[in-house]
Amino acid sequence: MKIICNGTEYEVGQGTTLLHFLAQLQLDPDTVVVECDEKIIPRQAYEALVLAPGQNLELIRFVGGG
Amino acid sequence: MLQIADKTFRSRLFGGTGKFASAQVMKEALAASGAEMITVALRRVDLTNPADDIMANLDRETYWFLPNTSGARNAEEAIRLANLARAVGNTNWLKLEITPDPRTLLPDPIETLKATELLVKDGFIVLPYMNADPILALRLQDVGAAAVMPLGSPIGTNQGVLTRFQVAIIIDQARVPVVVDAGLGAPSHAAAAMEMGADAVLVNTAIAVSGDPVRMARAFAQAVEAGRTAYEAGLGLQDNKAAASSPEVGLDFLR
Amino acid sequence: MLQIADKTFRSRLFGGTGKFASAQVMKEALAASGAEMITVALRRVDLTNPADDIMANLDRETYWFLPNTSGARNAEEAIRLANLARAVGNTNWLKLEITPDPRTLLPDPIETLKATELLVKDGFIVLPYMNADPILALRLQDVGAAAVMPLGSPIGTNQGVLTRFQVAIIIDQARVPVVVDAGLGAPSHAAAAMEMGADAVLVNTAIAVSGDPVRMARAFAQAVEAGRTAYEAGLGLQDNKAAASSPEVGLDFLR
Amino acid sequence: MLQIADKTFRSRLFGGTGKFASAQVMKEALAASGAEMITVALRRVDLTNPADDIMANLDRETYWFLPNTSGARNAEEAIRLANLARAVGNTNWLKLEITPDPRTLLPDPIETLKATELLVKDGFIVLPYMNADPILALRLQDVGAAAVMPLGSPIGTNQGVLTRFQVAIIIDQARVPVVVDAGLGAPSHAAAAMEMGADAVLVNTAIAVSGDPVRMARAFAQAVEAGRTAYEAGLGLQDNKAAASSPEVGLDFLR
Amino acid sequence: MLQIADKTFRSRLFGGTGKFASAQVMKEALAASGAEMITVALRRVDLTNPADDIMANLDRETYWFLPNTSGARNAEEAIRLANLARAVGNTNWLKLEITPDPRTLLPDPIETLKATELLVKDGFIVLPYMNADPILALRLQDVGAAAVMPLGSPIGTNQGVLTRFQVAIIIDQARVPVVVDAGLGAPSHAAAAMEMGADAVLVNTAIAVSGDPVRMARAFAQAVEAGRTAYEAGLGLQDNKAAASSPEVGLDFLR
Amino acid sequence: MKIICNGTEYEVGQGTTLLHFLAQLQLDPDTVVVECDEKIIPRQAYEALVLAPGQNLELIRFVGGG
Amino acid sequence: MKIICNGTEYEVGQGTTLLHFLAQLQLDPDTVVVECDEKIIPRQAYEALVLAPGQNLELIRFVGGG
Amino acid sequence: MKIICNGTEYEVGQGTTLLHFLAQLQLDPDTVVVECDEKIIPRQAYEALVLAPGQNLELIRFVGGG
């Protein structure tokens, strides 16, 4: 199935959890915040959240800034 | 000791984490600066470079994080960034930064006041970046800002405190800490702000883009302490009339 | 390390010994300043107070003495004071100070050049106090001045470096150390002079008349180090155009 | 010619009518200033002095009245004064002035924007007095301000344009005339504001309290014209490097 | 009226004749400036262009000539140029200019004093260009200078009066007219110098290289008159504290 | 009867019009604006308006200001 | 015969006066000052002065300056 | 006999040396320089120098200065 992540289309397998998806992207779930369809997903929900077709994810993290 | 909200800081120099040539240089410069409070920004993860994670380089035991809302052009965008910062950073501290015009990066007084009020009600510790407007400073503290951050000169210009008279009034009237932010391009600028009675200064560009960020960080640290010490010791007044530093008597034999 | 004539100094802050409330305060403030070079004046002994002897309070192992010719109104008076200083101080170092007008205490360029030339020929190590006149600075070094001491603003006015463009040219052209003297009223002033590339600064009034001379001395010491470090590290250029310190990309989700 | 709303003005010097020693001096000074637009305030009639009526001294054929809302501490008070001004002055022009703090007399950005929007909707021609805040200036013109009046320095301080960089940005971005108001204490200050590209300046205190208001008014008139002419003719850039005004060739015979 | 030596001038703006795009522009700009005193330099005749003769463009009935010694690097060269000027110009008036260093074009205090003394003895009316050195100014007038011409900033830099405190002292002490020369880049700079009490200013580069020299000349003329008038009328003092220009009473009905 | 004018109590005769009252105070009606009980009275109504007991008048005019 | 004028060698006829030489150069004698072998020649002497071989002339005039 | 010291007249005994005189004044000879009739006296000469009537002494020392 297809989802959108940070503006790009991704093909993910059925039943993929958000935590799993982040692992595929080699991202540390503790330093990334996720908006799913403009809603912030709490960290503790990453494991339970199963991605659905057409969902729009935004993965955001801290970067250097002033 | 500087107190903001319920937290105290020994260092009155806040560090920015942008514009450094490498994470390693940033780490060493921040260490040299002695900063306890550091700002960070929020951006989309660069999925082509997943390992580039600033959190891998900053020890949260050592540094108190002050996420900023840089990039926000209005209150709504700033509030969205604030909530993302709280979720990922596990902190309710926030440097509120609302700059509608990318040419000047100057803050919007209206949206900044509106967002400060809403975010304070939502439990955030808000430190708004603001134009050096004394009346706005009063209003921001009235709606619960934990500190005010008037600009010295536009972001990244290194021009120092071009807003002296306004900052002096803000300091004179403030019931919350005053942190001079933006435009401090040299240690003497930071010292001058502290001599005026500022509670702290935030420096990023001048350190990050220096020929030697680590040494420049040390220089700013010393200058901030020097300025604060001078403020506490009490500076002499300026005078147009010369006054000898050597005795004026005891020279009869010369004439 | 700063080198003047054949002597090197770790500290780039020179201390004055005038105007202190007491010898004890002077001693503690000089210690806090870290100064290695200190100025003294020459005056008639006050025979009603024979025990009032500054030399009883200053360890010559710790401090390198720079006697001044304060009070001299022309070359002749300055040379007479220079010889007295050499006799009593057992040193050939001299801060040459010729100020004909007690209202302004500004130095005389003509007499200062004349006296410098004669004193150098007579074996003195001469550091002339001078108006911030770049051509005069060239001429003074040509006749053998060991350093030049341009003024920032009139003595005792605390107005800082009002002679920026002239001092910048002097530093740019100098083959001898440049010591900014007079008028430095705050640590930020001293830091600014050092950031410009001055080799050292001399401070007296601002420390001696501060509400807390010892802490103020420490503040100046830090500011001088900060300014020198910044000069060596390399300051960023000033710019009228704002430049973000946080990334300009990665915000697509906000718009 | 300067155009504000649908009216044009030859003179770019706006006159204030406060603080003059007498009505006669005010009349002569305004005449000497060449001002076409003058400000007036609204106050309770002093019933012990019914004949003291400024309208008896000002010809409305000669002067375009710009009533101010001085004294208003918030939008509500300002709107009340605006309506009184419209009723008695038979004009919908207004200098909007909202200064909550009598110590600094600095304008309130929030209330000023709110009142501007409401008054414009109610048919007023609004010229808001404002802090030199470029973003606020953009917002004021967006809600229909006929001009913006950023301050040079606090009212009555004679300190000139301490807000240079902000005023320069405001001028650069403005779609409505920019009138620099408050703090202009000398003709050179007014000329400097005009050279930056300000469309006009408002001067009151510096003329009214001068030793000779009539001559000072003439001086400001000349300075405003001089500054405007220079702006139109185009000023040379400032440079740190000297450049001879006499030819560098043709001196071989000297060497 | 300004008096120098035995001659009086209505205009306090002295004009330079260098750097104009054409003789025609120069003529029109000088006319617009209202200058009565104008400077000229001395150079070898360009034999390939014999008709290029500035004297064909300047009416000596209209303008009082002040030949300069530009290019001279010491007293000897200046004196040689002075004698050539007297021979060809049939005048004993002289702007003495001795600038040993072509990088800075700053005047040499020693050679300038020496040449002034010799030229005065030889019957010249000497107006020395000098660094803004108050003691040197006293010495120059003591040896007979008809006026002193302290610099505002280096020649051709358009930076204005960077030497404010020195020029103020020179004016305060002078017994001869003080003409601020060099670096005046805008009418506001000229007005500021006149407001300080300068007797006149000399402007060349800022007019000659303007986008519109004729209009710029007019602007400087107005600014000089404005500054002089303000000086004579008496400027108000600067103050840090705000003071209302509208009455503070009569607003009870608002509260 | 009594009215308040600019904070002071005044005794005025029955049937006194605003225009008449202003005349008593030697004020030019064309350069004075009147609030009666916080309502602005239009100039053309001065003649018709008969003062009533206890009314609160504010008489306001232009003064010098910057 | 040869003379030097403003650094350049010139061939002039025997008996040429300074005034004549200036005329040849199309120069107005009233706005040019002449140094002959480093000595200034008074204007009134231009007519009488006969140029001699090897003389070094400097012709100087006013130009625009500040 | 009488001498002048720092502008004041002093009565000193015959044969008083400069060193002795300084001691009488309670001054440390090592931190005071002496001009006798405008001539500087070297430190090592203090003991040998016997004061003479009418001599003019100036005793000078370092003081605080900038």
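The first chain written gets the first letter, and so on, giving A, B, C, D, E, F, G and H; residue counts start at 1 in each chain.
The definition used in the following text is that contacts are C-beta pairs under 8 Å (C-beta built on N, C-alpha and C of every residue); 3 or more make two chains touch, one makes a residue touch a chain.
On a predicted model such as this, the values are computed, not experimentally measured, just so you know.
**Student:** Looking only at C-beta pairs in contact, point me to the busier pair out of D-F and B-C.
**Tutor:** B-C
**Student:** Out of A-C, E-F or D-F, find the interface that copies E-G, where copy means more than half of the contact pairs are identical.
**Tutor:** The same interface as E-G is formed by D-F.
**Student:** From the C-alpha centre of subunit B to that of subunit E, how far is it in Å?
**Tutor:** Taking the average C-alpha coordinate of subunit B and of subunit E, the gap between them is 45 Å.
**Student:** So how far apart, in whole Å, are subunit F and subunit G when each is placed at the average of its C-alpha atoms?
**Tutor:** 93
**Student:** Mind checking the centre-to-centre distance between subunit G and subunit H? Centres are C-alpha means, answer in whole Å.
**Tutor:** Their C-alpha centroids are separated by 72 Å.
**Student:** So what's the Cα centroid distance for subunit A and subunit B, whole Å?
**Tutor:** 33
**Student:** Could you check subunit C for residues that touch two or more other chains and list them?
**Tutor:** 16, 18-19, 41, 43-44, 68, 70, 104, 106, 154-155, 159, 165, 204-205, 240, 244-247, 250, 252-253
**Student:** Hey, what residues on subunit A touch two or more of the other chains?
**Tutor:** 6-7, 35, 58, 60, 63-66
**Student:** Touching residues of subunit B toward subunit C in the complex: what are they?
**Tutor:** 16, 18-19, 41, 43-44, 46, 68, 70-73, 77, 80-81, 102-106, 154-159, 185-189, 191-192, 195, 204-206, 208-213, 215-216, 218-223, 225-227, 229-230, 232-254
**Student:** Could you pull out which subunit E residues touch subunit G in their complex?
**Tutor:** Residue positions touching the partner: 16-20, 26, 39-45, 47, 50-51, 53-56, 65, 67-68, 70, 83-85, 87-89, 155, 202, 204-205.
**Student:** Could you pull out which subunit F residues touch subunit D in their complex?
**Tutor:** Residue list for subunit F touching subunit D: 5-8, 25-28, 30-33, 35, 40, 42-43, 58-66.
**Student:** Can you list the residues on subunit D that touch subunit G in the complex?
**Tutor:** Residues of subunit D touching subunit G: 244-247, 250, 252-253.
**Student:** Give the list of subunit G residues in touch with subunit D in this complex.
**Tutor:** 6-7, 35, 58, 60, 63-66
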